[in-house]
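In the two complexes below, chain A is the common chain; its partner is chain B in one and chain C in the other.
Up next is the complex of A and B:
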């Protein structure tokens, strides 16, 4: 799924890198308001979780399988700013250490998967959650619909970039049809997985789900003092 | 993350390429790849020079070429896509082996394949010769915001913890008869991811508290 080097021309790659840098800098400032001084360890662990989550292959049948992209999932679980930040860091680590996604295409990948992916997912999630009854059981379906739309929207933005700076002489409308068709199918898988994952977290620890924050009061950290030699 | 605990792609060594400062290597990689991407794709000999440059660096690093080539399988799906372009591209058609394909499409496919492969090769060379901790130092020296470097550091530090957590969950599910190749295992796999999230999040909280108790104020010692 990652855009490799040379897919978009150099000016487009540099332009998306500038947009990505601006977006990440803004997300950095906003993530501090979501997580305060816990930002570094929490975002680091969530980024490691997203990376591990992308390693699980969901069998589709006929020997093929796909994996989660995780933009909408991260946005619903930890909030859109922290989520976008985590996905950006995952992409950075993948580009630097795993050669997954080109280093010059890093900006493009961050714009598509971290910024567009997280924010489309989160906006749709919020809109759907506003319409559905205000119950915990509404969170998972809303997250699923957010995930469903986030993937084709990211694909459409990619097509736009391709029309501006693509290096292959393929008709942009052909690309749009192929990308949207294919990514709607991927989006359905993403929606089912995101919905199931969010449902399982909501069932156990609804206080951890950022998207359910208005329904569950955030659990404050309690520091209890016990007599020495008492329970450990 | 000392010696011997490098990430999976690291190839331990003591060559000049291994010892070169990481920020220089990252800058060179970005500069080199920008040059490659900006090179017109019909300058065929120039790409030969680029390949020679990368192969020379790999040789200087004393990393076996096969080590890099074997790890280039990551770009196979992309190469398949590039191979499709001549059939769907517009423009004048030419006959290749009795099949009519688009001529500019053929050129575009070559460009995508060669630039993408050079990118994967060059990135793998960086990954093979640089420890993660050094990359973090290098990125900090390149004025990457401190918080991003910290997040990256925590991600890399706990990556193996979290992935092996997942590995143990998969093993225990398999040993209880789950078939990971059947689409029916989707709900199980999703619940696994859910509990992996809770475990990772709670581990993050514990790490944060442990850091606070050791005097963390938002900055790590350099």
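Up next is the complex of A and C:
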């Protein structure tokens, strides 16, 4: 869903850049509550993994493909604020080094995939997790449903931006129907990948999954015998 | 957690998976346009896309300038991208994390 330069006019691109900058600045403050020495490496890993995952376009029919966006995945694994930062870094690397997604469109892409993707995914995840049994086995399905919905919602927000500031004279309602249709199908792929990855991490290290933290007993405090004066 | 995988093992395993996906698996990805590009082409605004100012960069379009072999060039770009992303996102996370000195945990 990487928006190239030129799809949206300058005022719309400036507006989304301002929203993106504000969102990232706020996320930098809020991510502090999610990150400590134990979870910080997870943030780097999650971003790296999503960069890789976004390279895998899967066919969705009629000569179209889709790939993981990763917003819901990142939000469930490391928290929505840290997740939004992870996706923003992925988009920054893609725009600067891979020419994937425009430069004037970077703000738009951060709004769509980092902010809308992470927070839609996380909100739906929390709602679904609230009605499912409070068990670790509920985390992956809840994440998958969050992922499923996050993609068409991001597609709808793009269409809204296109309706406001699209450069081409195209009826936004045509765009909406096509965007929602294809991105619902892509959302199924998003759900499958997100569910499998979250289930894998829950299986080996549930304590590292932000979305499961209320289900995992707090890290057991180890009793270590420290030689006198050995702690520097 | 006594039974869980050690954190270092977990992170290294995850990173290896990411490097394999980007460096090797990406060659087998679908080359069809993604959902947005397809919709743009079909509904008639695909031509409004402009080339990115970074389209001359060495790894533009997930290829490596000067490397003729498509599999190698794409894999290299993927590996570089994964490592760049890891370093930047990890660096940001370390910079904003809470410092938790051992004494504060009691």
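Everything below uses one rule, namely that the second predicted complex is superposed on the first by the 197 of 232 C-alpha atoms of A that agree within 3 Å, B and C clash if a C-alpha of one lies under 4 Å from a C-alpha of the other, contacts with A are read in each partner's own complex, and residues count from 1 in each chain.
In this section, a contact is a pair of C-beta atoms (placed from the backbone, for glycine too) under 8 Å apart; a residue touches a chain by one contact, two chains touch by 3 or more.
Bear in mind that the values here come from a model prediction, so they are computed numbers and not experimental data.
Novice: Does chain B (first) or chain C (second) touch A:167, or do both, or does neither?
Specialist: In the superposition, A:167 touches chain B and chain C alike.
Novice: Quick check on the superposed pair: does A:6 touch chain B, chain C, both, or neither? Answer first, second, both or neither.
Specialist: In the superposition, A:6 touches chain B and chain C alike.
Novice: So, does A:182 touch the first partner chain B, the second partner chain C, both, or neither?
Specialist: Only chain C; A:182 stays clear of chain B.
Novice: Output check: A:98 vs chain B and chain C. Expected answer is one of first, second, both, neither. What do you get?
Specialist: After superposition on chain A, A:98 lies in contact with both partners, chain B and chain C.
Novice: Identify the partner contact of A:40: answer first if only chain B is touched, second if only chain C is, both if each is, neither if none is.
Specialist: Both: A:40 reaches chain B and chain C.
Novice: Using the touch definition from the top, say if A:192 reaches chain B (first), chain C (second), both or neither.
Specialist: A:192: touches chain B, not chain C.
Novice: Figure out whether A:55 sits in contact with chain B (first) or chain C (second), or with both, or with neither.
Specialist: A:55 contacts both chain B and chain C.
Novice: Name the residues of chain A shared by its contacts with chain B and its contacts with chain C.
Specialist: 4-7, 28, 32, 37-49, 51-53, 55-60, 85-86, 89-90, 92-93, 95-100, 102-103, 167-168, 170-171, 174, 204-205, 208, 221
Novice: Quick check: in the complex, which residue numbers of chain C touch chain A?
Specialist: Touch list, chain C to chain A: 1, 4-5, 7, 10-11, 14-15, 17-19, 21-22, 25-26, 29-36, 38-40, 42-45, 47-55, 57-62, 77-78, 80-94, 96-100, 102, 105.
Novice: Give the list of chain A residues in touch with chain C in this complex.
Specialist: Counting only chain A, the residues touching chain C are 1-7, 28-29, 31-33, 35-53, 55-60, 62-67, 82, 85-86, 89-90, 92-103, 155, 158, 162, 166-168, 170-171, 174-175, 178-179, 182-183, 185-186, 204-208, 219-221, 231.
Novice: In their shared complex, at which residues does chain A touch chain B?
Specialist: 4-7, 9-10, 13-14, 24-25, 28, 32, 37-49, 51-53, 55-61, 68, 77-78, 85-86, 89-90, 92-93, 95-100, 102-105, 167-171, 174, 192-193, 196-201, 204-205, 208, 221
Novice: Within their complex, state which residues of chain B touch chain A.
Specialist: 7, 9, 26, 29-30, 33-34, 36-38, 41, 71-72, 74-75, 78, 85, 88-91, 102, 104-105, 108-109, 111-112, 114-116, 118-120, 122-124, 126-127, 132, 135, 145, 147-148, 150-159, 161-163, 165-166, 180-183, 185-187, 189-198, 200-201, 203-205, 207-208, 211, 216-218, 220
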